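These are the structures in question, set out in turn.
Across the two complexes that follow, chain A remains constant while its partner is chain B and subsequently chain C.
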Partner chain A sequence: MSDKHKQVAYYPGCALEGTGHAYNRSTKEVGKALGLDLVELKNWNCCGAMEVKNIDPKLQTYLSARNLSIADAMGFDTVMAPCNGCYHNLKKAEYDLAKDPPSREVTDRLSRKAGHATYEAGKVTTIHALDWIKESVGEQGLKARVKNSLKGLKVANYYGCMYTRPRHIFPEKDKGPGSESTSKPHFMDDLLAAAGAENVEYPLKTACCGGAHTLSDSDTSTKLVLNLLTTAEACGADVIATECPTCHTGLEMHQVRAEKVFGRKTSVKILYFTQLLGMALGLSARRVGVQENFSDSTGLLRARGLG
Partner chain B sequence: MPIHEKSLIRPENLVTHEHLEIDGVDVSGHWSTFITSRAITDYNEQMQEEIAALPGGEFIHRCWQCGSCTNACTINAVNPDFNPRYWIYLIRMGFESELLRDKDIIWQCVSCNKCTYACPRDVSPEGVMKATAHWLELKGYTEKKPSTAFDEVFSEQVFATGKIEEGRVLRQFFARTGQSLSQGWLVELIRSLASRLPVGLLVKLGLASVIRPRTRGWRGASLAIDEYVRECEAAARKALRLDVQGAE
Partner chain C sequence: MRLDGMLAASDAALSAAAAPLAEELLQLGETILETWLAAHGEIATDRKVETFRLLALHRQGARGDASFNACRETCRELVYHYNLVRLEPGHAEVARRLRLGAMVARHLMLFIGGKLEVAGLGDFCCASRPLRQLDASMQTNETV
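Up next, the complex of A and B:
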C-alpha cells in the first residue's frame, strides 16, 4: 500500500462516455469507496482507439501526446486509464516519443501547428485501473474494506489483448515477483480474490475478442467471443470479469448475436471488475451500474447475496 | 529457383499417371504422382519496397520465416488460410500472383498483436498485415474493405471534433457499407438495454448522438491533422507510383 496513486489524473476516453458508461460509473464509485481521488483530464481528446493507427500510427502518437501534455500541465505525473485501448495507446505514445525520433518529430510539428504545448517524453506515466487499485490499496487494504464478500462467485478473469501486448511498451511489466506479467497477467485475479471471489483457471485471459472487427467482420468476432464464453462456462465460471469497454461490449453484443444468428446460447454473465469490486465494498448494484450492462446479471447477483 | 511451398502442391500442379514404368520398373501407385515443373517469370520486384513504404510495413525485411507469428495468430486458428508468415514470404519474394489468391482475407487481421508478441525479429507482423491490406486497396486489387470503411468513419470524427460518439460511428458505418441498421440481433440488443436503462442515461446518450461531443479548442488540431493526413496519402501514392500510372 502506498500513497503514490492516491490522486491521479483520470482519462476516461470516449467509450466510457458511451457504451462503457457502467465502467466509468463503477470506477469512480470504487475510487470514492477506497478514498482515492480522480481528477479528470481537462478537455481531453480521443486516443484514436484501434482505428486511427490504420490511417497513420504517428497520428495516434500525437493524439495521445496531447492528452499526456494536458496531464503534465495540470501538474500530474500519472494518468489512469481504465480502457485497455486508451491505456495501450498512451503507453505506446510514451514509448514512441522516447524511442522513435520520427514519431517525436510528427508530434512536435502537429502540436506547434495546433497551437498547444508539445509533450516532453518521460514526464507522465500511464497506469491502468488495475495498477491504480493494486498499487494504492493493495490486496490487504482491499480485504480490510470488504463489506459484502464475493464468496461463492466463480469468476473468469479476462484481460484482453491490449493490456499485455506488445510487451515492449510496458516496461513495468514482466519484472518478476510482484509485477504484472504479460504472458499470465494476475492483477485482476489478485484483486477479486481479495474481495472474496473464487477465480477459475481461465486459459483465455489474453485471447482476442475480435473487438477491432466487431462490426466490420461480425461473424469472426462472434466466433472468437463464443470461444471465450463457452470456455469460461467449461471452466465453471458464473461471471467473466472485464477491464475494457471494447471487450465488455464485444462479449455482450456477440453473446446476443451468437444466440440470434448461430443459435448458440450461453449463460455466463459479464461484469466489469470494478462493478464486482464495488459490490464487494458494499455499494449497491445500481450504484455500480449493473442495470446498464446488456448482460442481465441481477438474478445471479441476488442468488449470491450481492447487489 | 525457390520453392513456393503451398503453390507447388496444389491439385492443378500435380500429375498422376495411371501406369508408370521408369527404367523398366513399374512404379504405379503412390510413386506415380509428380509435381509439374514450371518456371516463374512474373516476380514483382517492387512489392516488398512498396509495402515497406506504407505505415506498419517498415520492418518486413527483418523476417527470418520462423513462423511464430502464424503459430500464435488468432485468425489462423479459425481460418488456416490466414497465414502471416506465408504472406510475408510471398511479399519478400515478389510473388504477387500468389499473394493475390488470398487478397480477400488479408484484411481480416484483428490487431490482437499476438504475432508481434511472438516475433523474435520485431517485424511487427500485425503492421505488415495492415500495410498489405492497404496496398491491395490502393493498387485496386480489392475494393475498399469494411474494416477500412470503419477506420475512416471513426477517424474522420476524431479529426473533426477530437472525440467520437459510438452511435454516430455505428450509423455512419452501416450507411457507408450499405447495410441496414435494423439487423435482428442489433435491434434485440438495443431493445433489451433500453428497457432497463435509467431514463436519465438514455436521454444523455440520446443527446450525445444529436449534439456531437467535442474537444474544446480542437480547430487548430483538426486543421493540422487534415494537412498531415493529406501529406501521408500523397507519400503513399508516390511510393506506390500511383500518380505516375494515373497520368499515363
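Up next, the complex of A and C:
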C-alpha cells in the first residue's frame, strides 16, 4: 500500500461515457468510498482505439500522447484508465515514445501543428483501475472497509485480452511476487477475494472474446462468448466479473444473441468488478449502476443480500 | 471421443479413461494448430517447447503473425489441464478437470476456426499489427 495513487488523473475514455457508463459510475463511487481522489483530465480526447490504430498507428500514438501531456500539464505523473482498450493504448504510446524515434517525430510534429505541448517520454505512467485500488488500498485495506461481504458469491474473473498483451508494453508486470502476471493475472481475484467473494478457477480468464469482430462477424464472436459463459457456469460461477467496457458489452450482448441464434441460454450474470466492490463497500446496487447493465442480476444480488 | 461427447459423459466414464482422454485433448489441440499452419502453407513442426509440441506449434503459428498470441494462454491452459489429469489420474476432481480441458480445447478450436475465416480475429487484443509490422509503419509515413 502507498499514497502514490491516492490522487490520480482520471481518463475515462469514450466507452465509459457511453455503453460503459455503469463502469464510470461504479469506479468513481468506489474511489469515493475508499477515500481515493480522481481528477478527470481536462479536454481529453479519444485514445485512438482500434479504428485509428488500424489505419494509422502513429496517429493513435499521438492521440494517446496528447492525453498523457494533459496529465503532465495538470501536475500528475499517473493516469488511471479503467478501460482495457484505453489502458492498452496509453501504455503502448508510452512505449512507442520511449523506444520508437519515428513515433516520437510524428507525435512532436502533430503536437506543434495542433499548438500544444509535446509529451516527454517517461513523465507519466498509466495504470489500470485494478492497479489503482490494489496499490493504494490493498487487500487488507479493502477488507477493513467491507460492510457487506460478497460471501457466498461465486465469481469467474474475466480479464480479457488487452490487459496483458503484448507483454512488453507492461514492464511492471511479470516481476514476480506482488506484481501482476500477464499469463495468470490475479489482481481482480485478489481484490474480490478481499471483499469476500469466492473466486472460481476460470481457465479462460484471458481468452479472446472476438470483440474486434462483434459486428463484422457476429457468429464467431457469439460462439466465443458462449464458450466463455458456459465454461464460467461449468466452473460454478454465479457471476463473471469484468474490467473492460468492451468485454462487458460483448459478454452481455452475445449472451442474448446466443440464446436467440443458437438457442443456448446461460444464466451467469455479468458485472463490473467495481460494481461488486462498491456493493461490498456498502453502496446500493443503484449507486453502482447495476440497473444500467443488460444482464439482470437483481434476483441473484438480493438472494446474496447485496444491493 | 468428440468434445461434445466428453462434455456430456458421466464422471465415472471420464474418470475411467482419464489418461487417454487427456492425451486426446492434447492431440486435438495439436491438430487444431496443425490445421492453421497447413492453411498457411507451413509444415507443422515436430519440435517441443517445455516438452510440449502444442507449445512449439503455437510458437510457430505466432511467428510473423503476432495476433496469434491471442490464443497463447489458451494453449497453456490446455497443457495445464493435461498435466493435472496426468499427474493425478485418480484425483476426485479428474472428471471436472477433463471437462474444463475440453472447454479450453473448444475455445481454441473456435478461435482458430474463426481466425481461419477472419484473419483479423485477435488483432484487437494483441494490438500487435501496428506495433510490429513494418508495412504498417511505412504506410504511416505516407499518410501522416
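Throughout what follows, the second predicted complex is superposed on the first by the 307 of 307 C-alpha atoms of A that agree within 3 Å, B and C clash if a C-alpha of one lies under 4 Å from a C-alpha of the other, contacts with A are read in each partner's own complex, and residues count from 1 in each chain.
Convention: contacts are C-beta pairs under 8 Å (C-beta built on N, C-alpha and C of every residue); 3 or more make two chains touch, one makes a residue touch a chain.
These numbers come from a predicted model, not from an experiment.
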Could you classify chain B and chain C on chain A, in the superposed arrangement, as clash or fit?
clash
Could you tell me if A:Lys92 is touching chain B, chain C, both of them or neither one (first, second, both, neither)?
second
So in the superposed three-chain picture, is A:Pro203 touching just chain B, just chain C, both, or none of them (first/second/both/neither)?
second
Please indicate which partner A:Gln291 is in contact with in the superposed arrangement: first for chain B, second for chain C, both, or neither.
first
Return first, second, both or neither, reflecting whether A:Ala156 touches chain B, chain C, both chains, or no partner chain.
neither
Touch test for A:Ala114: chain B only (first), chain C only (second), both, or neither?
first
Which of the two partners, first being chain B and second being chain C, lies in contact with A:Thr220: first, second, both, or neither?
both
Taking the superposition on A as described, I'd like to know which of chain B and chain C A:Thr231 touches: first, second, both or neither.
second
Once the structures are superposed on A, label A:Val239 by its partner contacts, choosing first (chain B), second (chain C), both or neither.
neither
Which of chain B and chain C A:Leu63 touches, first, second, both or neither
first
In the superposed model, does chain B or chain C contact more residues of chain A?
B
Which of 9-17, 45-53 or 63-71 hits chain B? In chain C, it is stretch 63-71
After overlaying the two complexes on chain A, where does the chain B footprint on chain A coincide with the chain C footprint?
50, 53-59, 106, 109-110, 161-162, 164-166, 207-208, 210-213, 216-217, 220, 223-224
Chain B contacts chain A in the complex at 55-56, 74-75, 78, 108, 110-114, 116-117, 124, 127, 130, 134, 145-152, 154-155, 158, 162-167, 170, 173-174, 177, 184-185, 188-189, 192-193, 196-198, 201, 205, 208, 213, 215-218, 220-221, 223-225, 227-229, 232
Any idea which chain A residues touch chain C in the complex?
50, 53-60, 88-89, 92, 96, 102, 106, 109-110, 160-162, 164-166, 169, 183, 201, 203-204, 206-208, 210-213, 216-217, 220, 223-224, 227-228, 230-231, 234-235
Quick check: in the complex, which residue numbers of chain A touch chain B?
14-15, 17-19, 21, 43-46, 48-59, 62-63, 66, 106, 109-110, 113-116, 161-162, 164-167, 182, 207-208, 210-213, 215-217, 220-221, 223-224, 252-253, 256-257, 260-261, 291-292, 294, 296
List of chain C residues in touch with chain A within their complex:
66, 69-74, 76-77, 80-81, 99-100, 103-104, 106-107, 110-111, 113-114, 117-118, 120-131, 136-137, 139-141, 143-144
